[in-house]
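To start, I am sharing the structure in question, which I have written as C-alpha cells.
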Amino acid sequence: MPADLHATADFPLSIRRDAILRGRLRRERWVARAVAAAAALVLLAVIGMPAFLVLNAAGSIDNLSTLLPLLVGSLRASMYALLFGFPLAVLAAIWCARFASARLRALIKPLLEVFEAVPSVVLGLVAALSLAPWLAHHVVTVLLFLILAPLLLAFCGAMSERYPSVARRLARSHWQLCAATLALLATAFLCNGLAGMLGNSIASAFWEPATPWNALLIGLVLGVAIVPTVFSIAEDALFGVPASLADGAHALGATRWQTIWRLLLPAASPGLLAALLLGFGRALGETMIVLMASGNTPVLDLGLASGLRTIAANLALEAPIAIPGSAQYRLLLLSAIALFSLCLIVNAMAEMVRGWLRRRYARL
Amino acid sequence: MIESVHKSVLQESPTTPAGLLDGMSIALEARDIVLDYGSDRALNGVHLQVPSARVTALVGPSGCGKSSLLRCFNRLNDEIPDCRVRGVVQVQGRDVHGDDVALPELRRRVGMVFQRPNPFPLSVYENVAFGLRLSGLRKRRLLDERVETALRAAALWDEVRDRLERSALSLSAGQQQRLVMARALAVEPEILLMDEPASMLDPISTLKFEELVVSLAQRYSVLLVTHNMQQAARVADFTAFMHSGRVLEFDATDAMFTNPRLRQTEDYITGKLR
Amino acid sequence: MSERARPVHAIDGAGRWLSAGAVGLCLLLLAGLLALLVQQASSAFAVLPVEVLSLRGDPGDSLLGELVEVAGDRLVIRGSEWRRQGDAYRRIAVADLTTRDRPQDILLIRLRDGRHWFVREAVYRSVERDEPIVWSGMPAGIVLHHSDIAEVIAPNRLDWVERCRTLLSRAWLFLQGGRAQAVAGGDGLLAALIGSALLVILMSILVMPLGVLTALWMHEYAGSGWRARLIRASVSNLAAVPSVIYGLFGLALFVHTLGGSLDRWFYAERLPAPTFGAGGLLWSALTLALLTLPVVIVATEEGLSRVPRSLRMGALALGATRSEMLWNVVLPVARPALLTGLILAVSRAAGEVAPLMLVGVVKLAAALPVDAEFPWLHPSRAFMHLGHVVYDQALSGNDAVRAGGRAYAAALLLLALVVILNAIAILVRNRLRERSRQFQDD
Amino acid sequence: MDRLHLDQHISQQFNSELAALTRQVLAMGGLVEQQLSTALQAHAEQDARRTDEVVARESEVNAAELDIDARCTQILARRQPAASDLRLVLAVVRMVTDLERIGDEAERIAKKADKLAGAEVAERYGMRLAQMGMLVRDQLRGALDTFARMDDIGALERLRRDREVDVLYKELAGMLVELMQQDAARVPAALELLWCARSLERIGDRCKNLCEQVIYLVRGKDVRHTGLARSLPPETHVEG
Amino acid sequence: MIESVHKSVLQESPTTPAGLLDGMSIALEARDIVLDYGSDRALNGVHLQVPSARVTALVGPSGCGKSSLLRCFNRLNDEIPDCRVRGVVQVQGRDVHGDDVALPELRRRVGMVFQRPNPFPLSVYENVAFGLRLSGLRKRRLLDERVETALRAAALWDEVRDRLERSALSLSAGQQQRLVMARALAVEPEILLMDEPASMLDPISTLKFEELVVSLAQRYSVLLVTHNMQQAARVADFTAFMHSGRVLEFDATDAMFTNPRLRQTEDYITGKLR
Amino acid sequence: MDRLHLDQHISQQFNSELAALTRQVLAMGGLVEQQLSTALQAHAEQDARRTDEVVARESEVNAAELDIDARCTQILARRQPAASDLRLVLAVVRMVTDLERIGDEAERIAKKADKLAGAEVAERYGMRLAQMGMLVRDQLRGALDTFARMDDIGALERLRRDREVDVLYKELAGMLVELMQQDAARVPAALELLWCARSLERIGDRCKNLCEQVIYLVRGKDVRHTGLARSLPPETHVEG
C-alpha cells in the first residue's frame, strides 16, 4: 500500500514541501477569524440593548406612580397563570414521561409541543371574542370544575386499583387516557349541571365582575399558553432521568408512583424548576393575550374579578404613538427596563438554582 | 434463611447431568419459558434450576437472552411494553405469575443488580434506606441498624462510614456497584439477580466485587449473568450456558470449564467459531 | 408474597389517573381551540338563511335579512347594506315577532365591495339589464350597476353541496383578495401573507449566519473560558427578554436613531416625510432577527453538543484541522439541529405581533414592499402582517360580526402556517434524536 | 488435532501455537524414539559409535523438554486456556517429563552397550533384549501415534498391552538371576543386562503414562491409578 | 516499512531489562514526560520506548495515566483545555513538539483508535475515504483502490463489500471498531495508538479484534492501552506497566506474565492488593 | 507462602485455594515421607506388618496425586493464574508426579523387606541401606521443607547434596556386585538389596526434581538440566 509513504519518510512531520497542507492550514486561520467576528457582533448586540434603553430613558420622569399598577398587573397575571398552568403541565409531563407507552408518547409529545407554537394573538383572539362572553355566564361551572376534577380523578384512580381486572385493563396507557378523559368530560357535565342548579344565586353573592375581561380569564388563557412551555421542559427533564434509576427502584419493589414521587421528581427537580421559572418568564412577557383580553385597566386590585393592565400590554399600546424623547416615551422606556430586569432576575435565579440542583444530582 | 427445601417436580432435563442438584433446595426455577418482544422471540423454551445458597452463572453470546431470562424471575419484564412471557417461573416453589402475588413483595424478595451502577441521586444512607422506607420502616434507630448491616454485608461500611450523608454519586464506580448491592441487601432478599454487574468496573474493582459476590453466596442464592467467562469461572459454583434463547448446558463450573459436554459450550468457552 | 399493600396501590392509581387527566385536559383544550377556530372562521363565510320578519306594532313593514345569530331570546338580523358594511344590523326580541318566514325566492346580491343586498327574485328579474338597477325599497340616491355585482345566489334554495361550495369560494376570495381590496375594504389576506413571508425570509437571512457562527464560536472555539461563559449567559438572558421589549428597542434604536440618521444623511430632500425614519420591513426584520437569535444559537449549540466528543476526536486523530472537522463531521451531524433552529425561529417570528406593532406593521399598507419598480424590494416600506390582521380585525371594525369572522379566518391561516412549520421542526428534531442516540456517549 | 478442533480458534495465533506445541511434542517423541532405537542398535551391533550418538543427542532431548515446558507456561500465562485447550497443555506438561525420562533411560541403555560389548551373556540374551526393545519401541511409537491422532480408543488398547512388556521383563530377569547364581563371573555382565531390561520396563511404564495422558486429553477423564481405565464410554462429545 | 533504524540516545532506563530492544528500531519514544491537567499531575516522568512493527501493551490500574500518555504521541492532548505536557516525545526519532511539525501530518502518521467505536455518520465507504479526501485525494478510482486496501487490511472487506454505501452506523459494534481501524489505516499511518479498543465489544468480537491487531503488527507499530490483562497477554509482544503516572516496568510479554521483575507489577498481574 | 505473597490476593477464595493446594502438597509429601520411613523401618525391623502398612497406604498417595492434579486443573481453568501463582500451580503439577513416584519406590522398597527378611546379606548391609535411607529421607524432608518455606537458597543447597546419595549408592552397589560374584547363593538377596538401593537412589533423584521446582517457583528460572543451577543471583524481586 504505502509506496508514497517511503517518499516522505525522510521528513516525517514537516510541512515545508506540501502545498495542499499549507492551504489547509491557511483556511483554518481564516475560519477562526470569521467565527470570532460573529461572536463579537452578538456580544455587542446583547450588551448594547440594555445600555441603549437606559441611555434613552435617562432624564427626569414625574409620574412614576403610574408604573405601580402595571407592575402589579404583570405579576398578578403571571401568578394566576402559573397557579393553573404549572400543575396541569407537570402532571401531564409525568404521565407522558412515565406512564404513556412509547407509541402514545411519540404522538402526544409533539402534539402538545405544537401547542406551544400557537401564536399568542390567536389565543388572545379566542379569549377576547369567544371565551370572555362565555365565561361571563359560566364562572361557577369553571370554578367547580377546577376543584372537583382533581378530586374525582383521584377517587376514580384509587377505586380502580381495588378491582384487579379493571386495573389490568387500564395498565394499557391508551385505555387509561380514554378513561381519564371520559371522567373529565363527565365531571364537566356534572359541574355544568350543578352550576345551573345553584349557579345564579350563589354566584351573584360573591361574583360581580365589572367586566367580562377579568383576571380569571387572563389566568386561564395565560395558563394554557404556558402549559406547552412548562410541559416540554418538564417532560424532557423527567424522561431524561435514566431508565436505570427507575429500574433500580422497581427492582426494590417500588410502585410506579412511589418511583416518581421519591426518585424521579427529585432527580428531575432542576428541570422542573427551570420549567417553572421559564413559564413565569413567558407569562410576564406575554403581550398579545393580555392586550386583547385583559381590558387594559390599570387598577390596583388583587381579586379574580377585576381587569388588569400589564407593562407589556402598555408598551404595545402606547409606544407606537409616543413621541420620541417625550416624558411619556421615557416613562415607557423605564417600564421596559423594569420588565427587562424582572425577567433577567427570574432567569438568573433559574440558572443559579438549576446549576446548584444539577451539581447536586450530577452524573445522572 | 430458606427453611423449606423445595424439591423440583421437573424431571431431569437433558441439559443437566443426572443427580447434579440432588438434595439441594431450588431457589429459582424456570420451566419452558417462551418470551417474545412483540414478534421477536428472545427465549424459546428455557429450562433452568438455580440452587439455593450458591452462585450460578449464566453465560452465552451477546443477545442470546440472558438478561431477558433474568428479568423473568422478578417480573421486571412487566415494565417493558410489548414483552410477553409464557411458561412457569417459580421462586422458591411459588409461581410468580399467580394471582395472589404482590409485585412489590416479590421484588423485595428477589433483589436485582444491574450492569451499570445505578445509585439513586441521594445520599449514601438514603440509597440504602430507600427500600426500607418503601416497606414502611420509619424509625431512625431501626433504619440506622439495617443500613449498617447492609453496608457491612456489601463490604462497603468501612469505606463510607464517615460519609453516609455524602451523595452516592461521589463514590467511585466500584463503590457505587457495592452500594447498589447494599441497597438490594437492605430489604433482606432471599435471591439476588445480577446482570453483568462488573462489566463497567476496572479490574481491581471487579475483583473486589467478585469477592463480595462469593461471600454473599453463603446466605443468598445468586444468579449472575456475565459476558466474562473468566468471571463465571472465578465466582460461580454452577454455570449455565445459553445460546439463541435456550439453556443448552448446565453443570458445575469445574466440570464446565475443564470438560464441557456439548460442542457448542466447548466452542464458546475456548473461543472458537462455529 | 401474597400480602397486599393497599394504600400504596390506591395512591398509585390516583396518581395515574390525575396525570392522565392532565394530558386529557390538554388534549381537550387543544381540540377545543381548533374546533372553535374552524367553526368561527367558517361562520364568517357561511351562507345564512334569509328570513322575512314582521314585527308587532309595526304592521306595515316587514324585515328582510340574514339571520346572523340567535342569542337567547333575541335574534340578530342583518338587512341589506345599502350604504356600507355593518350598517344594517338589527337586534330583535323573539317576543316582538308576529310572523317569521323563509321564502324560497329571496336573492342575495353580493357586491364587489362585500356588501350584501336582499331582493325578491321577481323584483330582480323585472329590472332591465343595461341600466342602473333601482327597485322599490331602495333608499333614495342608491344605484346598483351591473358591474358592481359579484355574485347572486338564492340562499334559502341551496342544498348543502352548494352551500359548501359557496363557503369555500368566499373563503378563497377572502384569502386572495389582492391589494385593491385591501386598500378598499381591508377584505383580503394576500397582502398580509406577502408581508409576513417577506419579513420571515429577510429575518432568516439575517439571523442564520450570525446565530450559527456564534454558536460555533461558543461551543468549538471559546472553550470554557470566561468569554464563552459571558456570551452564553448573555444569550440565555436574551432568550428570557419579553418580545415587546425587542419591539421597543427596535423602535428606539433602528427606527428613531438609525432610521432618523439615514434620513438626514441620504433622504434629506424628502423630509419631513420619513423614509427609513418610520417603521418598515427592514427594521422589523432586524428586530425579529435579534429576537430569534437566541433560538437559533440555543438550538445550534444543542445540536453541537449532541455531537459526541468521540467523533471530533476521531476526525482530529485522522489529521483533520479544526475547521475541516467542523465542516465535514460536526456540522453534517448537527445539520438537523440547525434546521430545527431555523424553523423554530421562523415560526416564532411568524407568530409575533407585539414587537411588530412598534416597528413597522400597519393596518393598511399603501403599497406592497415588493413590486415591479426598481429595486423591486423596498425595505423601508411599512407592510401588513397576518398576526396583526387578527389583532386588528378582532378589536376594531364597525362590522363586528364580519370582522370577528375574518379575524378567526386569519387566525386559522396563521395557526396552520406556524403549526406546519413547527411540526416539521419537531419531526426533524425527533429524527435527529433517534440518530444521535446511536452514537451517544453514556 | 481434528478430534478436539484445536485449530478452530478465532485467534489464528493461538491455533498456530497449539499446532506448534503438538508438533514439538511429536518431534520430541520422534527424537526419543530415535534415541531408543539407536540405543537398541548399539546393543545389537555392539557399536560404541551408536552409544556416543545417543549420549550426544541426549542434551537435545533435555533442551526439547525445557523448550516445550516454557511454551506451555507461556500458553497458560497468555491464553488462559480452558476445556480441551487446557487439557492439551496439561497433558503435554506431563508427557514431556515422561518423554525426557524415556530419553534418560535410552541413554542409560546405550551406555550399557559399551560395557556389554563382547560379553557372552549379551550374545546369549541379546535376542531377548532386542525383542523386548522392539516391543517397547512399538509401545512408544503407538503412544505417540495415539497422541498425534488424539485417538483415545487406541490409547486404551496400548494401555492394556503394557502387560506384555512386564511379562517379557519378568522372564528375562528370572533367567538372568538364574545365570548369575550359576556363574559368578558373569554377574557384572548379567547385571548390566538386567539394568537394560529394567530400563526398558521403565520405558514401557512411561508409555503407559503417555497413553493415560492421551485419554485424559481426549476424554477429560484422569485414568491414572484406576486399574486400566475401566468402562470408559465410547464417545464424549454430544453434538447439541 | 520503516527503513531507518533510530537508535535511541536514551540510556537504558532501569524499567527495561538490558538489551531487550537492542537492534530494534524505535517507533515512539517518550522521555521524562510530565503532564498536568490544570494543577493535577497525571504523568510524572514517563520513559517509554515503543519498538517498530510490534504490539506493545500499556497496562495499569485505572487513572494511572495510560490514555494521557497515549494522547501525547499524536498531540491530541492539545485539544484538551488546561492540559500541559513537558518532556520529549519522539515519533520515529523526530520531536513532535518541533516548530516545523504540522499537526495534521503528525496525526495522519500516528493513527488512533478509541475505546468506543466512533464511525462518522456517513456511509462505510465515506468513512474510510474521509482521511484520504482530507489530504486532497479526489480521483474516484484511486479512492476506490485505497478504500478497498484499507478494508481488507482491517479484515472487514468481505463483510461490507456489498454494502459500502450503507450507513456505517448500521454495522455491529465489532464491525464498527474494525471500520474505525480501516479508516485509520487508509491514510497510511506508520503507528497505531489504541485506547482500550475492545472494551466495549462482546467476547467474540473482542477475539476477532485482537486477531486483527496481531495481524497488523507485521506492518505497523502498535501501542495498545488495555484494562484487560489477558488481552495484553494475548496480543502484545511487549508490555509496559504503568502506575500512578510512571512506567514502572517494561518487558517482553512472556517474561512479564510469568516472571515480572517488580513487586507492583506482580501484584497487579496476579490481582493482589498492596 | 510468605515470600511470594500468595495469600494477598483480593480474592480470598483464591488465597484459600492456593493455601489448600500447598497444604495438600505438603500433606502428600508428609505421607510419602511416612511411607519411606515405614519402608525403611520394615527393613530395619524385618517386620512384615510395616510392609503391609506401606502397601495399604500406597493408594492414599495415588489418590492424593489425582486430587491435587484435579485441583491444579481447576485452578488453571477457573483462576487463570499468572506469574507466581502460575508457577506455583505448574511446580505443583510436576511435584506431585515426583511425589507419587517416590511413593511407588517406597512401596517397592517395603515389598523387598519381606523377601530380605532373615537374609544374611540384609543383616550385613542393612546398616548401609539404613544410612542411605536416612540420607534420602532427609533429602525428601528437606525438599518439602524448602517448598513449605519457599526457600530457593535451601533448595539450591539440597540440589547440591544429591551427589552424596549417588556416592552412597555407588559404594553399596559395588559391594553387592562383589558379594554376588563371591557367593552365587546370595545373588537373589543381594539383588533385592540392590533394587532397594537403586530405589533409594531414584528417590534421591526425585528429591532433586522437587528442589528444582521450588527454585522455579520462587525465581521463575527453570534450572533443570543446567548443571546445578549455576550462578543464580541471590535475590529476585526488586521492591520498586
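Each chain carries a letter (A, B, C, D, E and F) given by its place in the written order, and its residues are counted from 1.
We adopt the following convention: a residue touches a chain if its C-beta (ideal position, glycine included) is under 8 Å from a C-beta of that chain, and two chains touch if they have at least 3 such contacts.
The shown structure was predicted, so the numbers you read here are calculated from the model rather than taken from an experiment.
Note on connectivity: the fewest steps through touching chains from chain A to chain F is 2. Between the chains A-C lie more C-beta contact pairs than between any other two chains. Averaged C-alpha coordinates give centres for chain A and chain B that are 44 Å from one another. Centre-to-centre separation of chain C and chain F, using mean CA positions: 102 Å. With centres taken as mean Cα positions, chain E sits 60 Å from chain C. Here the spacing of chain A and chain D, counted between their Cα centres, is 88 Å. Chain C has residues 8, 321, 324 in contact with two or more other chains. The set of chain D residues that touch two or more partner chains comprises 9-11, 14, 73, 77, 80-83, 86-87.
Looking at chain B, one finds that residues 104-106, 204, 207, 229-230, 233, 257-258, 271, 273 touch two or more other chains. Residues 74, 76, 79, 81, 99, 103-108, 111-112, 114, 116, 118-122, 130-131, 133-135, 167, 169, 180, 183-184, 187 of chain B are the ones touching chain A in the complex. By the touch rule above, chain E contacts chain F in their complex via residues 229-230, 233, 248-249, 257-267, 269-273.
Across the interface of their complex, chain B is touched by residues 5, 8-11, 14, 80-87, 219-221, 237-240 of chain D. Per the touch definition, chain A reaches chain B in the complex via residues 101-102, 164, 242, 244-255, 258, 262-263, 266-267, 360-364.
Chain B contributes residues 61-62, 202-205, 207, 227-230, 271, 273 to its touches with chain E in the complex.
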